[in-house]
Every structure is written in C-alpha cells, then in structure tokens.
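To keep things simple, chains are lettered A, B, C and D as they appear, and every chain counts its residues starting from 1.
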Amino acid sequence: MGDERQIIAKRAALEVKDGMIVNLGIGIPSMVPNFLGKDMRVFFQAENGILGMGPTPKENADGNLSNAAGLPVTVLPGASYFDSAIAFGMIRRGCIDLSILGALQVNARGDLANWIVPGKRVPGVGGAMELAYGAKNLIAVMNHCDKDGKPKIVTECSLPVTTYHCVKKIITEMAVFSIIDQQLYLDELMPGYSLADVKNNTEADFSFSTNFKAHD
Amino acid sequence: MHLFNKVTDYTTAQSAFFDGMTLLFGGFGGVGTPPGLIDCLIDSGVKDVKLIGNDAGFPWIGIGKFVCLERATHLLASHIGSNPTAGDLMNQGKLQVEFSPQGILVERIRSGGVGLNGFLTELSKGTQLEYDKPKVTIGAKEYIYEAPITGDVGIVYAKKADTFGNLIFDKTARNTNPYVAMASKVTIVEADEIVPMGELDPEEIVVPGIYVKYIVQSKGYNWKWVWETKDK
Amino acid sequence: MGDERQIIAKRAALEVKDGMIVNLGIGIPSMVPNFLGKDMRVFFQAENGILGMGPTPKENADGNLSNAAGLPVTVLPGASYFDSAIAFGMIRRGCIDLSILGALQVNARGDLANWIVPGKRVPGVGGAMELAYGAKNLIAVMNHCDKDGKPKIVTECSLPVTTYHCVKKIITEMAVFSIIDQQLYLDELMPGYSLADVKNNTEADFSFSTNFKAHD
Amino acid sequence: MHLFNKVTDYTTAQSAFFDGMTLLFGGFGGVGTPPGLIDCLIDSGVKDVKLIGNDAGFPWIGIGKFVCLERATHLLASHIGSNPTAGDLMNQGKLQVEFSPQGILVERIRSGGVGLNGFLTELSKGTQLEYDKPKVTIGAKEYIYEAPITGDVGIVYAKKADTFGNLIFDKTARNTNPYVAMASKVTIVEADEIVPMGELDPEEIVVPGIYVKYIVQSKGYNWKWVWETKDK
C-alpha cells in the first residue's frame, strides 16, 4: 500500500511542469514533490496563506511556518505570506495551474467526492471545494479501489459530492484516466496492471484515449 | 481604556467573555490561535459558546482544548478532521457543527468585518454545503448567498502589537487572524511582543489598531505540535 | 466668507474629543485640525488608506503621502497605511467616531445632499456615502445659505440625496442644530446672529433643544 | 515569459492594450497611478476604452491625461470633480460616466479579483446611485447587488517588484492598486525599483507575484501635483 502510494505520487509528478503554480492536498499529493526533477522551478501554494514553499526543514522547524496540513515547511526565494482570504482568492480566481487532490470517489463526468463518509468519517470539506472549483487543472490521485476492494471510479458517486465536473485526470496505481467534456478516457495502464485488471476494478464506463498506451 | 493604550492583563481580557457569546478565533490547524487566550477562555468557565473559525484544532492544540470541554454548543468551521473529539460530540448531538468551504468561511468573516451584507458565490451549489442558504438569481444564473459573520468576541494571535493595537503577524500564523480582528465587537489580541507606538513601520502593519480592544502579553505556544509529538 | 468658514471650523473643533478616530471631508472640515488643542490626541483617518495623519509638511512634501483630497500630509507615531478597501471597511464597520462633512443641503430628518448639482456641478460622490452610512457621528458643516441666499437647511432636499437620516449635527456660521430621531433642534446661536436671523434663513421647522443657549 | 522573470519593456507591455478593452487603473487622485504606463497607453493609440478606477484624475495627472484625449467611451468612477474635462465630455455625451460610492467600487474590483460573484450592500439604497442594479431581499431586508468587476488589462504602480511580480507599495500610493492587480486578466506593473527574487521579505509583500504578467521600470511621476503648481 505504501509502495502503491509512492508509485501514484511518482506518476502524478510527471504532470508538474516547469514554471507552474501548484497546490497539493494531504496524503498522496503531499508526496509528489519528492519525485520532481531538481531543475524544475515550481511554486507551491498552500491555502493557509503561503506561496513558494520549500522542502520540509531538516531541523529547527518553525511552528508558525507550515503548510495547510499544519506540517512545517521552508520558503524559497520569492516566497510570500498572506492571509487565508487572499490564499483562496488566488484559488478561485484561477491562479493555480494545477491542483492534485486525494479522492474517495470520482465518477465518469468528473464529479469529485472527497470530504465526507456519512456516519463514519466527518473530516469536513476544508479547502477542497475551492481548489476543485478554481484550479485550471485538477488531478485526483487515489488507490484504484477502497479498502473493501470496491471501485472508486464510479458511475454515480454514492458519497456526497464535493464539486461537480471538476476532475480532469485520475491517477491510480492501476491506470491514468482523462475526463474530457464529461467523458472518461483511459490514457495509460500503470506497470504491472492489465486492461482486464482495470476493467474489473472500474465501475464507470470508459473509452480509450487516442494516444492510449499500455506501459511506458 | 484610552485609544492609545490597550495593553491589559488576562483577567481584564477575560471579562469580555460571556455565556452564549459568539466567539471568533484566529488560527489554522492551531497555528496562529492565541494559546494564552485559549487558557483564559477555559479558565473563564463560560459556556454555551458559539464558535466560529477555520477548524476544530487538535484535542490538545488551539481551540480544540476548549471544544473538548463540551462548553461550546455550536461550531462553524471548514473541517474537524484533526479533532476526533469534536466528531464524537457532533455524533452524540452535543455539538452542532456546520461546515463551510474554507475560503468562503474566511470571506464571510471578512464581509462582516468590512461592514458589507454578504456575498454571492456558486461554489457549493448543488452540494450538501448549500444547507438552506438563500439562492439568488442574477441575470440567468443562480448563486448561493453567504451571510456576513461578526463575533461578540474575537481572539487573535499576533507577532507584534503596538499599544494602539497595530498588528503584524508571523508567517503562516497570519491566516484568518486579520479578519477575526475586523469582525469582532471586542477583539482581544495576544502578542508575542508589545512595543510603543511609532516602533512599527506604518507600511508593514497588517491590521490597524482601530479594530483592537485589548492587548495581552503572550508566553508563546504551550502545546506540542503534531509533528513534534511524532518525532518522539 | 473666509472668516465664516474659519468660524464654522472652530466651532466644529469643539466636537472633537481626546481619543477619537476622525475623518474629515474637503473644504471647511479640512480646517478643523487648526483649532484643536495641542494636548488633544486624535487619529485622523483618510479613505485613500491612512490612519494617524499629522499636519501638512512644511517642506519636502511627498507625492505618495497624501490625504483623500490628494494633499500632502505627514504621519504620527502609530500611523498605518492600508489599501482603500480596508479604509472603507473601517468606515462602514463603524470604526470612525466622528465624520465632519461639507453639505449642499440637509433636511430636518437628517438627509444629506452633498454630491451633485444636476446640470451644474458633477463632482461625483467619492466616499461621502460610506462616511454618512458608517460613521458613529456625522456632523454637516456649511454656510447657512447658498450663494443665492437660499436656505440650505430645508424641509425636503431638492438636490439628490447622498444618504438618508445620517446627519446628527449641523454647524453653520449662524447656528448649531442637532437632529434626534429625525427631528431638528436648535442647540445654539453663533456669535453675532439672532434667533430671528436663524428663523429667517432656515426653511425647515425646528424646535429648541432642552439646553438651548443663545451664545457662549 | 517565464513565471520567474516578467520584466519587460514598454513596447511589449503596450501590446497588451487593444481597442475596446476594459482597463482597470490603480490610483487615487493620480497618486499611485503609473505615469509611464499612462504615457504608454496614450502612445498606443488604442481607443473605445472602458475605464474603471477611483476617479478621473486631473487633466494633466494620472488617468486624466488619457481621459482628455476622448479615446475612452466609458468611465466607472467615484468622482470626476478634479477633472473638468471629464465633466465636459460627459455633458457632451462623449463619455458615459457611471458613479459608484468609492468603497463599493474598490470592493467590486476586489470581488472580481478574488473570484467571487458580487456582494450585497444597503449603502446606496434609495439614491440615484442605485441605477438599475438588481435588488435582493434576504430575510426581511432589501439590498443592492453589486456585481464583481474584472478588467482585460490592469495598470499598477508599485514601489518595488521582484522579477516574479511580488509587490510592495509606497504609503498612500497603495490605495486601489492591489485589487487592480488581482482583478485584471493582464496585469502590468510599473515599479520604481525591480529586485531579484528573494530580496523582498515574504512578510512585507502586499501583492504576491501570482497576479502579475508584465513588469516595467518606472522613471517616476512626470507630472506636477496640484499643490506643487499652487506653490508657484
């Protein structure tokens, strides 16, 4: 499972391009920076109020310098601090080139469910709605199935939806999908998984991307 | 208390708290929540508090310490994921929790703080977080109306305050604090450092002192952060 | 006329108390600080984005340090700069203890007209609406009659209204009025003017304040 | 243009202007209006411009220089009292002027800049400045709906910019500039000083560079202020 999460994060890192403004959710998305090339100049934003976050400090972590998950970070040259209203202003205004979020379910139309499992987990929505609404590109990263082995790429979300028609790409340990005009397309199979694996574990119908490829 | 000297002790600040008050608290995951004022709130014995802030903190961090005491009746926040006790109280019907998208919540506090009457957004349209908020149609489009928020009392954590209440913050501990200061009838600031008027550069002041009622001296965070406890 | 304006400003200065936050309009209001006691500690706010203005600089005026009229000012210890949205936020939120504004007409209910003379003067409203709406106390200062000798304290404003029911006190060269619960009361006669003068030059009906006094 | 180096020349910046564009301009009575970009706008020859900003400047100061050329068709501002030419053009039907309360105008620009869909206020209720703005009833109260404003191009004057576009301002020249920067599709900044990334303290940055498209070097104000001409 730990390995799978690393593999998903590594694949997601390929979506990050030089010169991008990127916001990462907690969980798998937070591992993405570990897989970025050293020459890649990317500015990470966090919705508590910081732009230009650097790596986790090795020592002397500062309780007042953290990402949206409350974990200590550092700053790169050119970083800025601002209040949370401005942080979300940036997000809604479309200043974030790429948002990578964890997901509980995604349906074929790109509806995202990631904030509540009624009766079980009530974390609350946090900044997910704004990110799903405002980011120019939204990638959902998640294990292909939930802990009970049930598909998370579904025909209709059974969990309450965070935002409709927002997910543009889904990356799991099994496959990469694109969602274009509310249609689901299979882009890639991930190493070690067959088309049969993906078909058996995906509830939603999907087509093949014109540039579909089985493996790298 | 003169306009130009609002520095006081925790006992005086505590007198601003009352049963049933709406309390706005600054902070994001406990970062930027005033630790001394949280203890002061706990010591005050006030109950039936309506809490409004970004999140429920952690059980031992920030507003979470107060939430766990079951003296709040309501919590309006963007998430409570980091404080399982808050979730338990909610499920037991002891704490009424309303969720808001994070950025919408701080904008609602700002709307109250700048004397406006709320705003429109399409953000939560069609989701559970619409609740029963009014819908407003402008042109051909329907929006959700988000009401302004103000507080009876607001608690704020600043890096520096001058005696008038001009504030600067520390890195990401700024977060919601400026708007809590603006939107509260009685704003109490806990500052790491209190300086005479004239010592802060007028250009670097983030919140003008006009919004501040009381200033108390901080002794700093008195809790361990999650990542500190993990290290051990 | 110059003298009258000075006299009005001097009387208005008596309304300014130690520890107040004050916003002054252009014209007569801008002369008020000249008549404040030296031991009076008052913070002047201007809606372009400054709190804690000091006197006009005698030399080395800075084009980027000005009041809302664009005239150079200085700053006192404890002053702050902020953007115009926050400046008006303060005003609407009720943080201004006292606003002193010029006026074209005021009626007996406290309606203020001070932004336009249709077909003649079209200055625009500037920040007058916000100040009239938000200030805890609003004093209108003006000559008792216009240039044609017509009363400016009227039964109904013939000029477009800036804000309804906002003026709490009127100070002219002839008299001081209070407006309480939309009723006009004569507080004082100014030196050199009789009750007959005021009656002859005031269109609106008024009563006498319980503490009415003819002269100081 | 790379994210981290937006410094360019006036010719490149000028290419952002086009006939019929909505132009947001920073400044308050000309203070904080970028002088070099005003000249650049004049030189561009663009026409049919819709102007949105605090005021019409003075005939020889700020946006007023452009207004006098009769190449703007619309002006949305809080006042035009300091520019009699603007009033003349309005009375001749050559310039369509809409007035807004000053603080409402800057809030409308902010609303567009932070991606919200407008706000409610009771401020101009019952006055001529209601125009035909939608009325919205919430509970028992009726409010005026104020729509968000965005611009095709925004011109901003800053004291310092780093090459990413992080901005700090100079005293009261800040005024509406931060929101013009946020609300414009193409934000052009004229800065008195351009510095490498890392030179500005992250805490003192007022506008993060994320909003900025082009940065040009200023040569400072090239007009006389009213009080300077009075002195003579």
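Annotations
Please note the rule applied: a contact is a pair of C-beta atoms (placed from the backbone, for glycine too) under 8 Å apart; a residue touches a chain by one contact, two chains touch by 3 or more.
Predicted model only: the values in this text are computed from it and were never measured.
Centroid analysis (C-alpha atoms only) places C farthest from subunit B.
In terms of C-beta pairs in contact, A-B outnumbers the other of A-D and A-B. Centre-to-centre spacing of subunit B and subunit D amounts to 33 Å, using the average Cα coordinate of each chain. Subunit C has its Cα centroid 56 Å from the Cα centroid of subunit A.
For the pair subunit A and subunit D, the distance between mean C-alpha positions equals 36 Å. The distance from the centre of subunit A to the centre of subunit B, with each centre set as the mean of the Cα atoms, comes to 29 Å. Of all residues in subunit D, those touching 2 or more other chains are 107, 114, 116, 122, 169, 171, 202-203, listed in ascending order. In subunit A, the residues that touch at least two other chains are 50, 81-82, 85, 88-89, 91-92. Chains touching one another form the pairs A-B, A-D, B-C, B-D, C-D. If you check the complex, the residues on subunit B that touch subunit A are 28-32, 54-55, 77-82, 87, 90-91, 97, 99-104, 106-107, 110, 122-124, 126-129, 169-179, 206, 221, 225-228.
Contact residues on subunit C toward subunit D in their complex (touch as defined above): 46-50, 61-72, 81-85, 87-89, 91-92, 116, 121-130, 133, 160-164.
Across the interface of their complex, subunit D is touched by residues 19-21, 41, 43, 45, 50-52, 75-82, 85-86, 88-95, 134 of subunit A.
Contact residues of subunit B toward subunit D in the complex are 107, 111, 114, 116-122, 134, 136, 138, 141, 143, 145, 147, 168-169, 171, 202-204. Touching subunit A in their complex are the following residues of subunit D: 2-4, 113-116, 162-164, 166, 182, 196-198, 200, 202-203, 205, 208-211.
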